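Several structures are given next for inspection.
Here come two complexes built around chain A, the first alongside chain B, the second alongside chain C.
So, the complex of A and B:
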């Protein structure tokens, strides 16, 4: 065994590390991956016994026995002989970088002409060219020591998207990073985004299945760092196949006066767990976190957010909204930490849930942990139903029950979707969201 | 806008108050009849024998003890303290005079009475003037119960726990451990094994208790844990308001207090349980003070029953308690009103659990946390709407006020909803006293001190007004003493 010291127990999820070994990796990466593998092997997948996983059980991922997708899938994609098609958002003209089963698919990507100094490449390419910013950036934010899913991703770190914006670079076209999954396997997509001082971009990170919508497991890690005054609009869309499993860690680091606007949409996988961690590490930085999730059928969706105010005069605003029907289940855990020196912090957090059926279930836990006194912090959480008066009004205007419910449900999340700023994306998301709501409405009627 | 301030003068005035010593720090020198430190089956048997308990209760205690030794101390709370050596604690301490139990107030050990006097609870006076029946718990054994006759005319049983075991074994046996089962959690299990005494009250069907029932707890002898057990049963249509006040003298070692309170409300019954807790919080360096690890839970068993918890927590080095309500009966109501104040190195992790089981059950949570000095104050609450709890409604509000730049305020609410027809709302905010508010008050001629005191009182008012009159006054004074010193 190359990945781990001989004689240790090997977690089945790591079993495939042998298949490619760590051959071809630069020394530092081989070391990093080995440490990550050892760390995951020691801790294994999180279990509901851990407080952060109290409501989410990953044992389905284990029992499914996913094997690592490996390189051959990527080779198929590179060959271009694959049936995979990439259908971009209509009307959006992005710089796109597409990955199939975790490996860069040049045939499907459109890297276009990026502004001077901007790098939009696959991690594998960047590594082969020895680009130092990739080496410095990888694993710099997403530490794996106490997070076994990050460790698992890092152990398999081979490819993914790497984006670098030099000082004052403004990328007008949105950058679209798409991870497609074409077959039943485990993938560990990775994304690295570094924006230097005064840089600006819109980044769309989305997860979607190939045409035959198989069951698969995506365990993603994204690291985003924003230099002073940098601005990023980050739209993350989890619209996996309905049989798929999705776990993700998004790690954001903000320098002085930077502005991060994150949109986190999760509507697809049968089980999705997304950890979004934002560190406001220098004074004056500002973070907005917006989320929309839905859970119908037997879907389970879990959003954990952690906003870490370490320095003074930072602002964070967070709104997550969820629509739940049938036997859908949602978990929200929002933690805001204001450290002793983070005076003049302004933090607001909201979580609102709409329950459309008797079997739906929601567990929400907004947490505030505050160690500074000159702060303004508030949070709120609600769980409720559609307003019967509003439903009655719409019906009196001739709408059917299902339609009326769909209209109101859509209105419930529209304030978040409307803020995405990319009309074409907002529309397609609303489309992705609505069929389930409407079907649920019919069932109720 | 920069507010004009006079930091020097203010600081001087503040320091004076900050340096106020704990007013109730004295030790009554009464010969105690204690068990040697340590916990074993023998000690459990010793306690049970001392109290001349029936066999079933001894068995109950032993079963709890056997469970406890296999349990692990919980670590999830947002508090930090050195590990407790449970073999260092003496589990039984009773004033010697217990042998010839007092028949009336006159027979009570005068020094005991004096102790209460120093605490500002003149037993006789209070009994006469305020019409309060006080079941005073001095360390572990109840020494005097007043107004008993008046209550017994109405069929109300209000006595010490051990008395209830002797005189009303059926009632005790029927309800003991039905709300907080022996194996519920680490500290309640410990309590079940070694509980010394406490209060018992039973309000028969349709009776409205004519006066506030009240108990004063006081931890006195050094190195003794206090493990009281309170059981309160309100039969159909009964109504009762129960007050609990706590103080402890100054001790250098941390003392453990692990009480269990069980409330049972049958159909249409109404229980109001108010606590003012002012145990010794430790000194400015965090030395000494009480560890207050309490399990309090009420069950609204019958339809339309109501249980209301009100607590003002200003004392203890560590407070760790979550008075909860099991809303089993349809249309039952649970309420939780709390003011928790931490100063210096005090830590509080407190909140409530509202479990909605019956249809159309309602609960309200109102929690006000005040942190000063290096105090850490956490609200931790659970609202669970079970599947069958149709039309359940919850509203929670948790506000924190920060006074000082080294304190902390934390909120950990758990909302678990399994029913679509229910509505759950939670709101929380954290801030310090606004400079503009202070400026306004000062511009109207209030001193800095008075302004802060007024704003803080306003902050807590929604909770304080839930307290019975006498308690509200005391609570306000307590807050004043603990708080004003902390403003900087």
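So, the complex of A and C:
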């Protein structure tokens, strides 16, 4: 083990650190990796003993015994991702940057022609070219000292997407970053997005299987910074294989009058935990957080959001909606912190859940902490069932029970999906929700 | 006989509401079922359409000779039974066009007909919307969401026009309508009358029957049909009200 000081020991999850592929780091990265590994080694994976992990137990990830460092170079060389099927969203025409098992796949990507000064590259490429903005950006927002999953990702950091928008750059085509996974291993995809003053873009970050029913673990970290008056629409889609595990940390930093609109869709992995942290760090910034999650079968999905109002006159609006059936399990924890200087804050948070079976369960908890006195804050959480009157209305017109339940379930989240503003994505997500919802309708019929 | 109801008894939450209804409805006929509040009119409509929570305790209903009560609500719809709701349900997030296309294609599939493609469906919708004087922009909105009372009722008859049922049970379709809306709805119903379908108009008031002339009028009281006649019976009711039911010995409800 070269990455850690000798004599300390060493979490098995770090055992792959001295393998190939991570050698040849620039000095600063080797140091960063070492610090992150030491931090992870000290804390290990979070456990339900920690308040923020009370309902979500990651021990299944550890016991799965993944190849923690991902696929090695030899295996990648034997099969350069050629067998991977890749179905882009039809009609989207994005700039696309695709990764297979955590590594850039040029064959599947279409980087097109970006506007002048815009950089859309793989992190590995940027590192090999010594691009300074990547060096400055990595770990600038997603600190690992008190978050061991970020530490694990940083320790194994190898590749991912790096996007830079200079001042006033407006990227019209959506930027589609896709992480496909096909092999039974742990991957640590990373995303770095940096928009300077007045820049604008739509960013789609999605996670999907690249083969038939693979079991794997993605531990993702995304760092997004918005300069003054910058605009970002960020559509994050966790549609992993149903046997997969997915943990993620999304860290957003907003400067004055910037606007972040985040859509966080989670419908796939058997276990998903997504931490979304937004820092409204300068006056007049606005964040909208929209979430849709579903849990059927034995799936477990946990969303933790944290909106940090540090400066005055910022706005945050948050709506997360969940559909749960069978023995599905969901957790929502939404923390909003209004610090003493954050006067004139406007913060709204809603979490709504639709329970389709008596065995499904949701734990929802809003946490508003307000230390300023001139603010408008509201929150609400609901858990409900399908409206029997609406169900009968649809059936009285000829729709079967399963279809009627599916139609009403999709309707429950349609206001969020419609807001995505990318019809092709909304439709594809509605379809992704369908099979589970329909199967559930049949079960109940 | 299209619909045959024999000694129908039904309860809601254990409370008997229908106490022995007999009614025959033949193709080409329009029957008006009238009666005071609480007489069981809407319960009859719901029992015929299969609404959960309405329990048939005795009797039989056949539709084209087959046992209607054995069917699920959606199966009844596919066989050609349509319920026009007294209170049409608002369903946010479900587009009217989408909903009707799914309904129509479920019914066509059941009949062994090909599903309509988007083009033919839109054509049909436009044609039937014009028939009902329904603003087409309503069709791209969510089902009944934000519709006025009149728009909701017109939307019911519009759905009937699209789905083309053999038997339509219209539950107080006239309630809450102003005179112009009533005229539009009634005109729509008249346009849908044919020799091979039938309509049961459930109504509290006679005024709808000025526009849609029934072949038969039945008076429901205490969960039984206490008097049947032709359309002149409705006019008598308009003059006398329902108070005579309380005093007329033949009209006294039978409670089990």
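Methods note: the second predicted complex is superposed on the first by the 431 of 445 C-alpha atoms of A that agree within 3 Å, B and C clash if a C-alpha of one lies under 4 Å from a C-alpha of the other, contacts with A are read in each partner's own complex, and residues count from 1 in each chain.
Simple rule for what comes next: a contact is a pair of C-beta atoms (placed from the backbone, for glycine too) under 8 Å apart; a residue touches a chain by one contact, two chains touch by 3 or more.
As the structure is a computational prediction, the values presented were derived from the model and not from experiment.
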Side-by-side fit of chain B and chain C on chain A, or clash: fit
First (chain B), second (chain C), both or neither touched by A:400: second
Touched partner set for A:90, first chain B, second chain C, both or neither: neither
Which of chain B and chain C A:113 touches, first, second, both or neither: neither
Contacts of A:412 with chain B and chain C, given as first, second, both or neither: second
Chain A-centred angle between chain C and chain B, computed on Cα centres after superposition, in steps of 10 °: 80
Chain B versus chain C as contact partner of A:431, first or second or both or neither: neither
Superposition-derived minimum Cα distance between chain C and chain B (Å): 16
In the complex, chain A residues that touch chain C: 387-390, 392-401, 403-404, 407-408, 410-415
Residues of chain A defined as touching chain B within the complex: 51, 340, 343, 353, 355-358, 360-385
Residues of chain C touching chain A in the complex: 49-52, 72-74, 76-78, 82-83, 85, 88-89, 91-94, 99-100, 102-104, 106-107, 110, 142-143, 159, 163
Chain A contact footprint on chain B (complex, rising order): 76, 385, 387, 400, 402-432
